[in-house]
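Here's the structure, in structure tokens; my notes come after.
For clarity, chains are labelled A, B, C and D in written order, and residue numbers in each chain start from 1.
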Amino acid sequence: MTTTFRGVIPPVVTPLTAERELDRASFKRSIDRLIDAGVNGLFFLGSSGEVAFSTDERRREIIEAAIEFVAGRVPVLVGCIDTETDRVIEHAKVAKELGADAIVATAPFYALGGLPEIENHFRLIHEAVDLPLFAYDIPVCVHVKLPGDLLVRLGLDGVLAGVKDSSNDDVAFRFLVDDNNKAGHPLTLLTGQEVVVDGAYMAGADGSVPGLGNVECTGYVRMWQACEAGDWATVRAEQDKLAALMRIVTVTSGVSGFGAGVGAFKTAMALLGVFDTNQMPNPVQALQGENVEAVAAVLRECGLEPVRTPEEVTNSTH
Amino acid sequence: MTTTFRGVIPPVVTPLTAERELDRASFKRSIDRLIDAGVNGLFFLGSSGEVAFSTDERRREIIEAAIEFVAGRVPVLVGCIDTETDRVIEHAKVAKELGADAIVATAPFYALGGLPEIENHFRLIHEAVDLPLFAYDIPVCVHVKLPGDLLVRLGLDGVLAGVKDSSNDDVAFRFLVDDNNKAGHPLTLLTGQEVVVDGAYMAGADGSVPGLGNVECTGYVRMWQACEAGDWATVRAEQDKLAALMRIVTVTSGVSGFGAGVGAFKTAMALLGVFDTNQMPNPVQALQGENVEAVAAVLRECGLEPVRTPEEVTNSTH
Amino acid sequence: MTTTFRGVIPPVVTPLTAERELDRASFKRSIDRLIDAGVNGLFFLGSSGEVAFSTDERRREIIEAAIEFVAGRVPVLVGCIDTETDRVIEHAKVAKELGADAIVATAPFYALGGLPEIENHFRLIHEAVDLPLFAYDIPVCVHVKLPGDLLVRLGLDGVLAGVKDSSNDDVAFRFLVDDNNKAGHPLTLLTGQEVVVDGAYMAGADGSVPGLGNVECTGYVRMWQACEAGDWATVRAEQDKLAALMRIVTVTSGVSGFGAGVGAFKTAMALLGVFDTNQMPNPVQALQGENVEAVAAVLRECGLEPVRTPEEVTNSTH
Amino acid sequence: MTTTFRGVIPPVVTPLTAERELDRASFKRSIDRLIDAGVNGLFFLGSSGEVAFSTDERRREIIEAAIEFVAGRVPVLVGCIDTETDRVIEHAKVAKELGADAIVATAPFYALGGLPEIENHFRLIHEAVDLPLFAYDIPVCVHVKLPGDLLVRLGLDGVLAGVKDSSNDDVAFRFLVDDNNKAGHPLTLLTGQEVVVDGAYMAGADGSVPGLGNVECTGYVRMWQACEAGDWATVRAEQDKLAALMRIVTVTSGVSGFGAGVGAFKTAMALLGVFDTNQMPNPVQALQGENVEAVAAVLRECGLEPVRTPEEVTNSTH
């Protein structure tokens, strides 16, 4: 059953109108484009999907639109990200009620705890909501690294269906893959990387969740197909092209974190005509002016011709 | 106006029944006990008040009960703690609607950002909700330290009324006090420490928010009165006694973080008969057995005689 | 015996000539000035004494000059700071041979280890060199915090004579003081702070090691005498004045860390005529131009009139 | 010229006698074994080579023996690792005098600094010692990550010949490879990983510096040859086998850091008869008893039959 979630499963970026409402038209356009590119699933309300910025009402709105627009074409994973267990379970129940195929949760954060709390957290979520549960390992946000032995144990116990690994700890990921294989592969292991997916595939990952896939997904699909075929030269060539494109997140200045990363994704998508604006959720500012131009320049270098000017995108949030 | 919030303002711990419902009777008992001890205000839904563990419904329930039980005797501050701006504003609107006198918010967390996002965050909250706003500086949970110059600037601009400092960075706190004084004292500066309140008072703090005050508040009130009177020998003597009592959070084993800290506070309060149980929110386990005995031993050493046995408290969560 | 090291024991800053040789004349001037101010001891080759920048030959040169210039007037502590045990022991043997009264060592650093390695490290140093040994707790450099129970145990075993606490963790320091008192006070506990020495004295510190004392030591001596007399109002008043002076380390721009901290101390001492230059060891640049002017302005505000112009100091390193 | 240092260049582990003297016979045996396996160079006095534990005299002893035993068969790189610039330059001069072909230095550590200090540090080393200089990027020890743009700039300026990357930040490494290629490949880029070398090769690394190569180097040589031939299936297969062997560093208990990592390497080499003992430098304890048995079990699973019993190895340090 867990193999349902193999392959390329992008974390879908959430388009906003200038007034910071959900932009349903852009959302539908982006989802159709991703499915047309051949993705194996879609992950909504991940970190890139601005889950942390979204009120309960906005989260519900996003899930409903996602289920409507995907229309059963691929599996839908929904991020149920919040500080502690009871709040996560609330989100998970909503996700299930609205039709999610799987849920994704991090370890608890904000309050300090230890491994017993983390284990109990995942067990309680699993008991409360009968859907495949993925652990989301993202220490840069949660400030804890999920240990491989805990993950495999929770896999063997039927608590976890898989792991979305955004730890940028490729050594730990390789050991996790090996431990999971020795245990009979209870977990589906997805890497959340963008520019080192090739290494994760060499290590034995079951798929990837690349934020950059929102901008250009056909390359990630080709890379996965090449991986499945054992064609490593193609894996490498595709990765090189995508790594060049990922420079959209490093060519800007004066911005950082989510504003630089997802900000660049949204800006690229607005330049390419997928999104109507590059608006960001409060308290983050959208990229503007020279930063938009810098993103446009990278797109062009990578052979993706913008259909809108940097000025148009800069003005899209006003 | 900001002087309304000077003095001892404990972060009120939230009592739960064995079934993890809000224990209203214990809550009222604890609030009355704190007000009788002479506190200058009460802070609900802080980190110790298990805000991160509380669903929206639970938060509302706690605020309503707090307003009812306090009944205007002291100012009520309410923690509006959540990942990003829009979610915090939702909580702040509820707090205002239910009658809070001030709100307390951290910097954004989970998503990565920088100082521009932090500044914008506080400005947006202030624009959205017309209540005195305290910045809650707690790097151990939020993973960022609020810079003193930003805080004073937001104070001068009328955005912030004060700061609740739980940074355990006493050097930065002293510089903040000095900068605030030079700027005309726009901010009320409260220390969130328990065992080094004396040093914060020497530095010029306007008050304290001691979690340990839930267990024993008369000492903190005496310390503050001595501080106001310039009687530093008494400040020191009271602090020494309270530091000895604070050992309830270090004598346990096999627990950590919130479970060790607030777990010990709740256990002490259950031993003293203030709380009916020492139940903890999911996914945290209540202290049990030898850990409860260890807390009881510290209480006795400090002259606080338990009215219930460790066994009774251990059994209170079942 | 350990009481020999109570009181104010500044970490002596090392003056350099423009060519980065040891400036013996300035060194003697500074040492005499500190002893005249009434210090209880002097600590050479601490972090502020640029131990990490000093070759073995330079370390020997500094110790020899220190012993010669101090001439038995106060106890001399020598920092034997290096990555791992055998290297520290080499330094300690030299320090003893040259006449040090006590040695100061951090936990091992660079290589990763755990508590067993730290404990073994201090035991091996103590076995190898028969001098009072102080543990130097400075997590910002060593990246580990020394646990209080380990320190007290090593004190009871006669391994450690004391602790120089530069952890900026005042909560841990207060618990350490209490644990040490309960154990019969085996350790002399010195705080390495500058602006929160008052809090450390309230907590029960046995003295202080303030880097700022190089610039102005009479205030620290008065603060200690007031502490011994229980005159907390004077402790507080002196601390306030010294905190204002400490702003020399925050008014500069474009510099950080050692260059900003010790750089400001040296610049102030050059402005005050104690040092001939404000030269810094490789690879650090001396403060120049507007940064020197900013330090001079703070000195004047604090009533310390420079005897040299900022231009003269800026030119002193060329 | 920098291409001299391409390929597999293991960081050579330093064998000790039971009395912690340099074990020259084991050292020669290990060096011959590595060269026979087909390495492209040898790196002495790296982190694995216990540089941080070695006094100046020991360092000299190791370099002299290394030069003697290598006898010009492969290039010799020497780690000149120390806290700050002048100390590093001293080591570098000794290395040059004794015949090293290249030197390897980290950023400064212990004292706090910033990028200007790091850049100046490498420039000063390069000016002082005319040998190819590699920057050693190892944040886990040095607590700073070297930025890619700084490295490439120092490469273009002729300051750096290459980088030994032990940052475990594969995203940054890929961007570094790309930036280096765009700049005309001024730097030779070596990965310090053991179990994700395949990913680094996919990214375009010029070689590897695997500590595990001390235990089994023929696999790393085959992996490099396959990489050069574009035979990625073999790269992957070899990496999988080496990842399985790397479990020697995770199967032990009660040890951590250097003691667990290099401790396991030395223990494996003692079990395989390459080293006479598994002795560790002060203050680290050698692996013993069940930990030695656990390492032996992994060796056997990987087809490397021990020639000595765990008991013999445990007794080798007494």
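As a convention for this text, contacts are C-beta pairs under 8 Å (C-beta built on N, C-alpha and C of every residue); 3 or more make two chains touch, one makes a residue touch a chain.
None of the values given here were measured: they were computed from a predicted structure.
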Interface sides of subunit C and subunit D: same vs different residues, half threshold: same
Whole-Å gap between the CA centroids of subunit C and subunit D: 36
Averaged-CA centre spacing for the pair subunit D and subunit B, given as whole angstrom: 49
Junction residues of subunit C - those touching two or more other chains: none
Topology of the chain contact graph, where touching chains are joined (line, ring, star, complete, other): ring
Complex contact set, residues of subunit B against subunit A: 47, 50, 52-56, 58, 81-87, 90, 108-114, 116-118, 120-121, 124, 140-143, 255-259, 261, 281-285
Touch list for subunit D against partner subunit A, complex: 168-171, 174-175, 178, 193-196, 198-200, 202-203, 230, 232-233, 235-236, 239, 243-244, 247, 250
